[in-house]
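The structure follows.
To keep things simple, chains are lettered A, B, C and D as they appear, and every chain counts its residues starting from 1.
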């Protein structure tokens, strides 16, 4: 951790969120409009700090901050380039998971705090979704860490200098991607908001700065999980010709576009089937992925 | 949520009463640059008819408080049988308003306070033996993908529906106008077809008009289902189809063109082209595994249950009951009509029946226009008998006796009961898919 | 981490941990209580990091989030008035439990003052994740395999109880206290142990004084958290090479999870049977 | 060094105290809200997925052992692989049991 981290990570978060917003428009088939985005951002900042009264204001107004904090900490664990890697702990991938784990209480606090029936339903539905995605995320991380013999993200990137982990362990990647989309509560896993079913659900009551924080946090989360996907599975900054940071940015953007595109194509998942699918298919497969990873480690990475 | 700028995008709007009614009525919200949005936080515009049905006034006023203050209002040049003008409606009211922003209209009396004793346990016994407290809420009457004016009063036990009542709020006050604005042409034709005021137009043209309305109605429903499950490809495909169908449909509805053969000549070529494109949409609906995963096995109505409930129309045909008033119609017999029947009885079957019927309807319209062109003759046998028409939502009857209309939609109540019934015991998303899959009309009939 | 860094994180974090831990048993809103418990135990994870046990700290952050969020929804299920709107009194034996907790705190303080803690060992940080890995897979293999069996039994028992019927049982391990630090604001072993003792006392007070079973479970979780904090303190300040101590923290976390699983399953079973999750009511049922 | 450290700690404590005061102020002001007779929807919520939750708490603990394992399997080799094989088999049995008993169904 250094001064660089304190400036660099928020910068990556803001720039990344802006880029994600434009990618969203691109995926939706519209021409990205940076000026429009900037105008709306300014308009939001100029809005009066309107804090709607809800039933549990304490939980309700802490939630967006917690959400953004979790997203930024998760982002800080992503290794961007050899010289620029936010927080580089020996147990970095656990911190990544630990930070994402606080998205769960944040969204629940939003739903419970606003206290309207559909928001509360949204909050509980989100807890169910957490039970579905949490295990695949955590288990797949170990499957990727085993060949590197380290939980430090930079070590995991280094071990992929020859072959990306996504090619070696496609099963792990296949389990990881939907799980991290669920963490970001993006479509098709936007169950806590589900506009058409819950009318905005857990976040329906947010206005002004609170709403902007939630919006920002969700995009930062997408940047974080896309970046971690690129680092853990797509060999991070490794690549010919181009500078490392650019490779990393390109891979991250590719993953983000893939996630956004799939979210646009697929109908929203239903929580009962998602939960059953996660426990009957994804978790056993994740165990299998770990077994495969162990075998690969012993066979090829010693 | 806040920063959704888009220069060329459709503006997220609260569409009153709903997108489907606008579309069936002949004006697609997309033409006004709006697409319906259901999260009050994202709504940037309010698209409403010049006159709002009185029954929606209170709900609209309550919803307005959840929107941002500067949401502009767009008036459509249509009127859905209302009497309250929008400008008076949206003026700030001085009493009974709470400025909190939750999306649905949960009424205060449904909260769990008041009857709350220290250890009292309120609620219905659940299947797993754990007795908890229920949540009461109302889904609708506006701001949902369901037709506006439809309200589902639901008791949720956890996130599973324990009780549900589906109510229709709307009514059209003037008996002379079509009583169901979700199928105005069908009702008009049913009333005209009774023979009292036989229109000058050829009966073939009326068949074509009803069939095109059926196709539009089914596609608009399919799009609203797409909105409910958030399937963007389905929404886009339906929107494209509807845009081209609406343009072609104008020709049929336009009163200025008096000559039948001219109608036919203009319409036939357009609809033929539509049919080809619609073929692709139907194939997609059949093929899409994502849609099957989402709708499959939801709200199953078995054939025997359908007969027991006396279901009519597309909902019955999706349960394997070949009930279609068109079979008995000599005009349709001349067109070699065969009803579309599926036996699955679930939401997938209902979606397929409607998608395939939309395709078949455009085909029938093309054929009917060809008949009109060659001047094929068909006359109703008995003008005294009540005219039974197959509207997009099932059979409707119209009979005029001693100066007043007797209008009825047999099976409408059965469908409503089936829809409410289908929600029970389902998780909330599944329950809504089940409710939507019956394509209820909130416009009350039979006065 | 430097002593300064440790102090910077430790002091505010400890205050937050103790305050939130205390408020768990003060608030009448069950959602708040559960989330406050998560805050207390999550912040404890930060303290672990500050005390140089990175792996254990991050793991604590990760595990407690999942566990406490589930705690929240079990509370919302089984507590009367989970929103805290009526402001009901959820305590019993208030004086006695406060007295017991106070006595424990005093006793621990006396022990802390009288004990001559070993001087700080020369060396650097607490064991890293690889050292713990060698411990788990090597020396402590048998314990590890038993942990697996324990988790299996918890899963089986949880499913079994949640589906059928059952009874109760609560256990609580101990914590340690200490005397004043020489340099006041720099964190030292006695300071950590004192924080642990306070957390333990709060947990004990909750476990004894609360009427609802799930609140009792929360008290026990806090006491277990206190014991983990003490071990991490020892790892930082007196035995940095004691990988078995780090492993012990893992075992305690497992214990917390197992306790929660079986505890919740018992609550479900009892609630299904008698429609209450209040300790007093359930005790009456026995006779 | 100790003076600077003292200053930092004091500032941190001050900030912490301010935050705590703010939080407590919000808390006292907002704890029991009763606006115009409306009540929030905070019932004893019937969570339908509690069996998943029970399995999850136990199963989640597996990660506490899996992470160290991932860090050392390269060094310990087949022995660690066998151990984790046993471990995962045991946990797999847990899931299989839950599945058989119908715990993996929405109740």
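Here is the rule we use: a residue touches a chain if its C-beta (ideal position, glycine included) is under 8 Å from a C-beta of that chain, and two chains touch if they have at least 3 such contacts.
Since this is a predicted model, take the numbers as computed values, not measurements.
Student: Which chain lies at the heart of the structure, taking centres as C-alpha averages?
Tutor: Of all chains shown, the one whose C-alpha centroid lies nearest the global centroid is A.
Student: Go through B-C and B-D and name the pair with more C-beta contacts between its chains.
Tutor: B-D
Student: What whole-Å value do you get for the distance between chain B and chain C if each is reduced to the mean of its CA atoms?
Tutor: The computed centroid separation for chain B versus chain C comes out at 55 Å.
Student: I'd like to verify one number: the distance from the centre of chain B to the centre of chain D, where each centre is the average of its C-alpha atoms, in whole angstrom.
Tutor: Averaging C-alpha atoms per chain gives centres 45 Å apart.
Student: So the centre of each chain is just the mean of its C-alpha atoms; given that, what is the distance between chain A and chain C in Å?
Tutor: 29
Student: Give, as an integer number of Å, the spacing between the C-alpha centres of chain D and chain C.
Tutor: Each chain's C-alpha centroid was found; their separation is 12 Å.
Student: Among the residues of chain D, which are close enough to touch at least two other chains?
Tutor: 31, 35, 39-48, 53, 55-56, 59-60, 63, 67, 69-72, 75, 80, 91, 95, 98, 106
Student: Two or more other chains in contact with one residue: find those residues in chain A.
Tutor: 53-56, 58, 91, 94, 112, 115-117, 120, 124, 127, 134, 138, 150-151, 272
Student: Please output the residue numbers of chain B that touch at least 2 other chains, ranges allowed.
Tutor: In chain B, 100, 106, 110, 113, 121, 128, 130, 132, 135, 137, 158-159, 427 touch at least two other chains.
Student: Could you tell me which shape the graph of touching chains takes: line, ring, star, complete or other?
Tutor: Looks like everything touches everything, fully connected.
Student: Can you tell me which positions in chain C touch chain A when the two form their complex?
Tutor: 29, 31-32, 35, 38, 42, 45, 54-55, 58-59, 61-62, 65-66, 68-70, 72-73, 83, 128-130
Student: Sort out for me which residues of chain A touch chain C in the complex.
Tutor: Touch residues, chain A against chain C: 55-56, 58-59, 89-91, 94-95, 97-99, 101-102, 104-105, 108-109, 112, 115, 124, 127, 130, 134, 138, 150-151.
Student: Please output the residues of chain D touching chain A within their complex, sorted ascending.
Tutor: 23, 26-27, 29-31, 33, 35, 40-42, 45, 47-49, 52-53, 55-56, 59-60, 63, 66-67, 69-75, 77-78, 80-81, 84-85, 88, 91-92, 95, 98-99, 104-106
Student: In the complex, go through chain C and note every residue touching chain B.
Tutor: Interface residues on chain C, with respect to chain B: 77, 80-81, 85-86, 88, 268, 271-272, 275-276, 278.
Student: Flag every residue of chain A that touches chain B in the complex, lowest number first.
Tutor: Residues 21, 25, 28, 30-31, 33, 36-37, 39-41, 44, 52-54, 114-121, 124-125, 187-188, 190, 193-201, 203-208, 211-212, 214-215, 264-273.
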